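Both of the next two complexes hold subunit A, though its partner changes from subunit B to subunit C.
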Partner chain A sequence: MSNLLEIKNLSYRINQKLILREINLEVQAGHFIALAGENGIGKTTLLRLIASVAKNYRGEITIDGKTKPEEKKTMVSFSDQLEGFSKRTKIRDIEKFYSQVYPDFSEEKFDEIAAFLDVDCNNNLSSLSKGMKERLVIALTLSRQVALYLLDEPFSGIDVMSRDKIIKGLLTWVDENSTVIVSSHHLSEIENVVDEIIIMKDYGIYEHVKTDDIRNEQGKSIEEYFENIYWEDK
Partner chain B sequence: MKFKDNIPIFIQIKDIINSRIISGQYKMGQKVSSVRDFSIEFEVNMNTMQRALTELIAEGVLVTKRGLGNFITEDIEIIDNLEGSRINSVIEEMYNDLTEMGLSDQEVIYHIQNFMKEKRDE
Partner chain C sequence: MTSFGSVLKQMTVKRIKLMNQIILVQISVIIGSCLYDFFKGNMGSNDKTLANVTAIEMGSLIALGIVSIVYLISFMNLEVNSNRFRLIPISDIKLYMGSFLSTVFGFMYICLIDLIILGSSVLIIADKKMISRMFSDIHFNEIIMMLLALFLIFSIFIFGMIMCNTINILGSVITSFIPGGKQKIVKWIVYAIAIFLIYKVSSYVDIAGWLPGVDWTGDINDLSYSIMQVIIEIIIFVVINMNLLRFVETSK
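Right after this comes the complex of A and B.
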């Protein structure tokens, strides 16, 4: 089977400071993957590089055989933090912007997800709470029809009850042939829903495994296993 | 859906489906949900769900009819075996837990009988 995402010898520095070192990764279509690692380890940077938002890296990032940023962008939907929009922008206008920029954006799907998440589209961006803004980002990201979805800490400001509902929704909104990579440092909330996990440590990828293999071989929860990896050297 | 966190989820799903067959919630020959509907019901992703169903099909518990979906087997022997092995695995888990606590076989039997007696008297 060919890889949906292939990363070869990826290294990344900002102002001479090493952020990511020699990353190699292969991801297939049709998976739900957790991207785990402690804060500041480079999860967001890695996602930004895959999404072609961050540039000037060393190595190769290929999505479905494509290497050019403009081609890759049509295949990846990344949870943008909406920093480019003025605070007074109406949510309806953000939706219009998305549907103009991305031909694969479905306004119908956006309305469905936004309604499910109780996002009121007549509001301004500035009137949204942190959690509400995160819901909007989830709705925007998932309303595109792409092969790869990247969600960066999508639930950090969302209360536990709603998280469960949204995670359940993820299963219905995403096409079965698409892959979702969700970064999170609260693994317990997503460990049942993902089938693979990528663990980052020491500027690189420590492990990429099937979650059921961890349960099977270690007899541990994913969160427990993950914490052990970090405790080893403390 | 709450799962035990140290056992592969696809195995736990198999156990749930097997239990539904044993308890009669699923009838012989009955059609079951699609992979997608099951994955939403159990709140797991489709690969995990597919793995559980693939094993149930390989074990003969489910039968695939091309283009129609998955059905509970009509082979009574398979269902009888299912019940036998389910009983065994439940007892095994309990037995292992109790012997790990240091109980002898006689003590295990004593406590089970006691438990059942109290249960009857309730």
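Right after this comes the complex of A and C.
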């Protein structure tokens, strides 16, 4: 099976500070993958590089064989934090913007996911709490029909009951042939939906492994496995 | 992939909506000021009224013109720096062309509306004798010169907006590479360097030098020369910006 996402020898610096070093990664279609690592390790940077909004890297990032940024962007939906919208922007106007600039955006799906997540689309951005804004971001991201979804810490600010509801919903909203990479610190909560985990450490990818292998061979949960990796050095 | 037309439409509609709000404020200011003058007894003969109203209109035009330019510049910078636009599946070149063209359309729109407001007040307030006096001594050449001068002023403002965008883009590119680039003092130094580089590039544009056989003497030729100079510089910096955009990251 050909790879959906291929990263070869990716290195990235910003202000001459090393962030990522010689990353190699292969991801196939139809998987749910957790991206884990301590704060500041470069998870968001890696997602931004895949989404083609971080630039000036060395190495190669290919999505379904495509290397041009505009072609890769047709295949990727990245959880944008809505920074380019003013606080007075109405949610319906954001939905309208998305439907007009993304040919693969489905308004019906957005309405369905937003209703499930209890997002009141008649409000404007300034009236949303942090958790509600995250739900809106999830709804917008998953309403595109793409091969690769990148969710960057989508559960921050969301209460534990809603997280559970969203995690269960993720499986129904995403096509089975699409891949979701979700960076999260709540590994125990997403354990039952993810089938692979990428662990980042020391500027790179420490491990990319199937969660079944961790459970069956090591007899550990993915959170225990992840914590052990970091405690090795401490 | 997203079509250029969709992106251009989104960007243009956003600017037109803002320009409409600014025009609404402008009309309110004009009406309010005129009513104030009327009740203060400052409006008398048609001449005096026209002079007062024109002065109010020019004042509001300048003040709100500055506001509209600041907003247009900030929109261009936002389209370069935010995920909202840079995640759209379209090439950086097309994205920038959309940003540039929608800025030109937005500014053209507010200029035209302001001209209509100015012209309408003349037609409403001035009587036939005044209008006939205004236009009796105008020759065709003077009309051409006036139109060229207006177009030159329009072009200079567009050039100014593109310059601000170039400073932002060049500044972003340079600061992302140098250590300490996020510190404010470093940013200001980089912007100063960017301004210097832009000045150097601009200074190389010399139409008279490139077309030595052309006679640029005379008022109309002089204006035409200035317009060509500005338009060529706009083209140069739009091309520079389009090509630099691939190095510009969005802010997190």
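One rule holds for everything that comes next: the second predicted complex is superposed on the first by the 234 of 234 C-alpha atoms of A that agree within 3 Å, B and C clash if a C-alpha of one lies under 4 Å from a C-alpha of the other, contacts with A are read in each partner's own complex, and residues count from 1 in each chain.
The working rule: contacts are C-beta pairs under 8 Å (C-beta built on N, C-alpha and C of every residue); 3 or more make two chains touch, one makes a residue touch a chain.
These numbers were taken from a predicted model, which means no experiment stands behind them.
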> Clash or fit: what happens to subunit B and subunit C when subunit A is overlaid?
Replying inline: fit
> Can A:I167 be said to touch subunit B (first), subunit C (second), both, or neither?
Replying inline: first
> What angle, rounded to a multiple of 10°, is defined by the Cα centres of subunit B, subunit A and subunit C, with the middle one as vertex?
Replying inline: 160
> Now for A:F78: first (subunit B), second (subunit C), both, or neither, which partner does it touch?
Replying inline: second
>> Output check: A:N56 vs subunit B and subunit C. Expected answer is one of first, second, both, neither. What do you get?
In response: second
>> Looking at A:P103, would you say it contacts subunit B, subunit C, both, or neither? Reply first, second, both or neither.
In response: second
> What is the contact status of A:S221 with respect to subunit B (first) and subunit C (second): first, second, both, or neither?
Replying inline: first
> Just subunit B (first), just subunit C (second), both, or neither: which does A:S143 touch?
Replying inline: neither
>> What does the superposition give for the shortest Cα distance from subunit B to subunit C, in Å?
In response: 28
>> Touching residues of subunit A toward subunit C in the complex: what are they?
In response: 14-17, 44, 48, 51, 53-56, 68-71, 73-74, 78, 80-85, 97, 100-103
> If you look only at subunit C, which of its residues touch subunit A in the complex?
Replying inline: 1-2, 6-7, 9-10, 78, 82-92, 175-182, 246-252
>> For a test of understanding, state which residues of subunit B touch subunit A in their complex under the given definition.
In response: 1, 3, 5-11, 36, 39-40, 43-48, 51
>> Per the contact definition, I'd like the list of subunit A residues that touch subunit B in the complex.
In response: 30-32, 167-168, 171-172, 176, 191-195, 211-213, 215-216, 218-224
